[in-house]
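Next come two complexes, and both contain chain A; in the first it sits with chain B, in the second with chain C.
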Partner chain A sequence: MTAVVPSESEVQEGGSRYDRLIQPARVHGTLYTDPSIFAEELRKIWHKTWVFVGHESEVPQVNDYVRKQLADQDVVMTRDKEGEVHLLINRCAHRGLQVCDDKAGNSSSFRCPYHGWTYRNTGELLGYPYNKGYGGKKQLPLGMGKVARVASYQGFVFGSLAAEGQSLEDHLGAAKGEIDRLVGLSPEGKVSLDAGWLRHKTRSNWKFLAENETDGYHPQFVHGSIFGVTGSPIGELYSDNSTAVTRNLGDGHSENDLRPEFRGFAEPMRWFGTTPDRVPNYVAAMKEAHGEDADRLMIEGAPHVMIFPNLFIAEIQVFNIQPVAVGECVQYATAVQFDGGHELNMRMVSQSIGSVGPAGMLLADDTEMYERNQRGVAMADPEWLDVRRGLHRESVDEDGFTIGTATDETGMRGFWNHYKSLMEAED
Partner chain B sequence: MAQQTIEQGLPPRPDNGTELLDVPDGWEAREVEQFLYREARLADENDYDGWEALWTDDAIYWVPVDGEGDHPRTTVSIIFDNRSRISTRMKQVKTGKRYAQAPPSNLRRIIGNVELLGGRANAEGGVDIEIGANVLAFESRPRGNTLWGGRTTYRLRRVDGQILLAYKKVVLVDNEQAVPTLGFLI
Partner chain C sequence: MTETHPAAADGPRHDIRFDETSGAVTIGAGKVVESEFASVAIKLDQDGNSVRLRVEDLRTGRVRFLDALELESLVWLGEGHLTQLLDPSHERWRG
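And then the complex of A and B:
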C-alpha cells in the first residue's frame, strides 16, 4: 500500500517532511497510505488533542456506563455517584485484561474476570482477592488507566490522552458557536444523543471523511440519485448559484454555512424540509422558549460543521469518525434529539435511518467514494490530490475567517493547515 | 421503554406488538419456502421491479442494530422502510447512480432452517403467517467479498390469490459490530 519510490516531493530540499507533503494547493497521496504516518497521527493528533467521545445523555443516571472508542483505545464512559463523567481505559492494572465487557449498563464498579480485581467507576482499585499475596496491605497503588483530561461542552464529551494542553474551550474555538446553534433549536436548550449509534465500517483513511464533511462540491454528483427521485432541494444549496459559504473556522474546524440561503427564503423549518403547521407543538414550544428570536432560529436552522478531528454535526445527525488503521475507519452516526422536541425527534430518527449508516440513501454513497479514493491513492501517478478549488476567490469575513463559496475547498485547506501544525510538533 | 411509548404516542414495536397466534390455515411449508427462495433470487439478481412487486401496501422492511434492535421510531436502524421508502430506495438504485450499488453487487444467498412460527393479526383484520429462517449471503464487490449472516423473520399474506410480503426483519449476526456498506437487498 505504501509508495516506496522516492517521489518528486520527497527529494525536494528544505522544509519539514510535512511541508513537502502538504502544500497550499495539493496534498500528497502517501498521507493516506503510509502506515508510519498513521502511527505518527495516533501519537500527535489522536493521543494529544481533544477527541469527541460521546454525549452525557448516553449516561443519564448515576452509575450508568457505556463503552466507547477513542481512536485505538477502548474506553468506558461512566457517571460516578457525584454525577461526574469519567473516561476509563478499559484495561486491568494487573494483567491488562478488558475489565468491562458489557456495552452499556449501570454499575458502581467493574470486576476483572481474570483475578477478580475490582474497580470503582472512577477507576480507583477497590479490592482484590487473597491480599496476603501483596503483603496483606489493603491498598495497592494501581488503578484503571484514565483518559487524562475529560471535558464536555453542551453535553458533548471530549477526551484528551495528554495530561497537558489547551483547554477544550480553546480547542473548540469558533466551533463552540456552531454547537450552541444546534442546542438553540431545542426548546429546552439541550440536545441528547440517545437514539443509538449506527456503525459503518469503511475501508478508507479517516482523513477522506473529515475532508468530505464540509465539501460542498460533491453533493450534486454523489447524491444526485436521491435528490432527483425525491425532488429534494438540498442539492441546490451546494450549487454555483448558492449564497451559502464554506468557512474555515480555524484549528482545523470548518463549516458549510447555509444560513444565507435559508434567510433568503425566510421560512421557519425550511431547513428541515417541513413547514410550521406540520410541527405545531415544536414551533409553539420554541416561541415560548425563545420569544421573538424563535423565528430567526427556526429559519436559520442547524449547523453543518466539522470539528477537528472527528466530530461532524450534519444538521440533524452527529457523526464520530474513529481511525482503525491507515486504510480503515468506522463512521458512527446518530440522530440528534432535541430535549422538549418530541414531535421532531421521531422525524429526525426516521430521516437519519433513511440517509445515514451502512444502507443509508446518502452515506452509503459517500462511503463508496471514500473506499474508491483509498484504492485510487495507492496508484502511482499522479501522486498528488488537488485542493486548489476556490483558492483564487477566497475572502475574509467580518469575523476574520477565511470563506469561500458553497462549493470551494476552503474547509479542506483549513483542515490541512491545522493537521500540518500538529504533525510538525515534537513528539 | 413502555413508559416512553405511552408518553410519545408511539405505535407498538413491529416485531412483538401483537400476540403470536397459531399458524393460520391454508399454508403449506413447501409453498412458503418457494416464495422465500423466489424473493431471495430476485434480491440476488438485483431485479428491483420484481422484488418491489412482492410487497404489501403496509410493508415493513427492517434491519436493526444491536441484536433485535430497540424501538425503530426512537432508535436508529440500518434499514427501517415502509412501503413508500422501499419505493424510494428502488427508484434511487434504478437511476444507475446509487454508487453503493453501481456497479451492483454480485450476490448469492442460501435461505435455510425455515420454520412456520405462527400467525400475526394484521391491520386489515386478517392473520399473516410468520416465518423464521436463517440466511447466509455472499457478496462480491470491488472493495472485497463479504459474508453476511442473519436471522430473518417474514410475514406473508394472501392478497387476491397471490402471496405477498408484509414484513421482513433481518437481524444480522454481527450487528453489534461495525458493518460495511449494505447497498444490496438483504
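And then the complex of A and C:
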C-alpha cells in the first residue's frame, strides 16, 4: 500500500475544525497549546471514552481504597465487602468537599470532615449528624458521585464517565491481545501493579507522551546515554535494519512489535536483557506453567503498547498518563510484577528505579523532550508538526493492521485518526 | 520507650509514649487502628478476672471496654446493624 502525502493545495479548507488541524502527514501546533481544544478533549475524550485508572491488585483486601485521577476528576478506587471494585468521585454530596484525603487506606465507610456526612465505600450515603434538620434519617437521596461505568480487563481497571457507549472489550479491541501477552509472562497468569506508583509531573501536553510511546525513531537519540552506560542492545532494535514493526492496532492503540527481532535471536529472556541461568526459578516456573509454549513466551517477551488514551505498557513498566492542563500532565509509573515471578519481579523493580525512578535516565530523557516540545510548539513558525515518516512504505499485515518499519510514525498517525473521530463527534 | 504505629498510607499519625518511671501514658496506650477517618488505640486489659479489650478513641479520649461476649457479638453483628452504627446520627450526633 502506498499513501501519498497531500500537497498544500490539497489541504481542505472547508472541513471541520479538526479536518483543518489534523492531516494525514502533519498536525497543527495549536492542538497542543489551545486551551479551548483541551477543554473539548476533556468532554469528548476523557469524560467519554474508557480511561485507565488503576489495577485491582492495588485494592487487594475488602474495604481497601486508593486515590486515583481520571483526568480532572479525583477518584477513589474502592473494593467493597462483596469484593466488587468501585470508582467514586471524591466529593461530598453536601457541600462538595473532597471526602478522602489519604492516598490509600482500609475503611468500610468514609466520613466527610466538614459536617460528618458518612458514606459506605460504595458511595451510598449512610447518614448525617443531627438528622432532624433533614426531617429524620434517610431523607436525602444523595450519595458520592460515581464513575458511570467501571470495568476491568486482566485486572486493569478502566472507568468511563459516560453512562453509555461501547464496552471496554470493544474499546480495547486488538490491544487486548497485548495485555494478554503481558499476563502470559506470569507463571500464574496474572500481573499485579502493587509495587507503588512514581508520580511525575510533566510540563507538556498529554498527547506528546501518547505519541512518543510507540515512536521508534527517537530511542537511539534520546536514550543513547542509558543504552551506552548499560550496554543495552535495545537501541539497535530501532533502526532501518530492524525487522521489528510499528503497528496501528486501531482505535488509537499502537505498538512497537519487537518479536520479529527476538524470534531471530531465539534466546529466552533476551527481551529482558538477561539469560535463563540468571533467573532459573522464574524459567522453571514458566516451564511448569506453560509447558512447551514457555520458550516461545520467554523469547517473544512483553509488549510495548500504547492503549488510547492513557495506558502505556513498556515491557517492564506500566504508565498511567493523566492530563492536568493544556500544557501539563502527570504520568504515574510502576514496575510490572508477575504473580509467581518473585525472582524477576525484584529485577523489574530495580530496572524501573534505574529507568523511571527519580534519578532514572529513561523517563528523565523523555521528559526533557516533552517539555522542549511544549515550549517549541508555542513558537509561531512553522505552525505544523510533521508525522509523515514511513507513510510511503506502510503495508497491511496478515491480520489487516497497518504496519510500518520500527522507526516509522505509523502509530502516531493511528492515534490522530482516532483522536479526530472522537473530537468531531457531537457532545 | 516509643512505639510507632504506621498508618496504611502516609506513615504514623501517633506515637504512643510510655514514661517508664511514672507509668504515665501521654496518649492512649496500645496498638493503634486508624485511617484518615478515625483513630483508636486497642489494648488487652488484664486488670479484671478475665481479659477484656480496651478501646480508646484517640481523638476524644473516650474509652470503652469490650468483654469476650461483646466482641463475639460484634463478629456476628448483622450487616444492617453495623451500618446503623456507622450512621453518625445513630448515637453520637443525635438531635
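Note that the second predicted complex is superposed on the first by the 410 of 427 C-alpha atoms of A that agree within 3 Å, B and C clash if a C-alpha of one lies under 4 Å from a C-alpha of the other, contacts with A are read in each partner's own complex, and residues count from 1 in each chain.
The rule we apply is simple: a residue touches a chain if its C-beta (ideal position, glycine included) is under 8 Å from a C-beta of that chain, and two chains touch if they have at least 3 such contacts.
As the structure is a computational prediction, the values presented were derived from the model and not from experiment.
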Item to complete: Have a look at chain B and chain C on chain A after the superposition and call it: clash or fit.
Response: fit
Discussion item. Tell me the contact category for A:118 with respect to chain B and chain C: first, second, both or neither.
Written reply: second
Item to complete: Classify the contacts of A:228 with the two partner chains as first (chain B alone), second (chain C alone), both, or neither.
Response: first
Discussion item. By residue count, which of the two partners contacts chain A more extensively, chain B or chain C?
Written reply: B
Worksheet item: Touching A:42, do we find chain B (first), chain C (second), both, or neither?
Response: neither
Item to complete: Classify the contacts of A:350 with the two partner chains as first (chain B alone), second (chain C alone), both, or neither.
Response: first
Item to complete: Return first, second, both or neither, reflecting whether A:103 touches chain B, chain C, both chains, or no partner chain.
Response: both
Worksheet item: Regarding the shared-chain residue A:369, is it in contact with chain B (first), chain C (second), both, or neither?
Response: first
Item to complete: With chain A at the apex, figure out the C-alpha centre angle toward chain B and chain C and round it to a multiple of 10 degrees.
Response: 60
Item to complete: In the overlay, answer first, second, both or neither for which of chain B and chain C A:378 touches.
Response: neither
Worksheet item: Can you give the closest approach of chain B to chain C, taken over C-alpha atoms and in whole Å, for the superposition?
Response: 7
Fill in: chain C-contacting residues of chain A that also contact chain B
103
Discussion item. For the complex, give me every residue of chain A touching chain C.
Written reply: 81, 100-111, 116-118, 120, 126-132, 137
Discussion item. Going by the contact rule set out above, which residues of chain A touch chain B in the complex?
Written reply: 103, 195-203, 222, 224-226, 228-230, 330, 333-335, 342, 345-346, 349-350, 352-354, 356-359, 361, 364-365, 367-369, 371-372, 375
Response to the item:
Listed in rising order, chain C residues that touch chain A in their complex are 7-10, 35-38, 79, 82-83, 86-90, 92-95
Item to complete: State the interface residues of chain B toward chain A in the complex, per the touch definition above.
Response: 7-8, 10, 63, 65-66, 70, 72-81, 85, 88-89, 91-93, 95-100, 142-144, 176-183
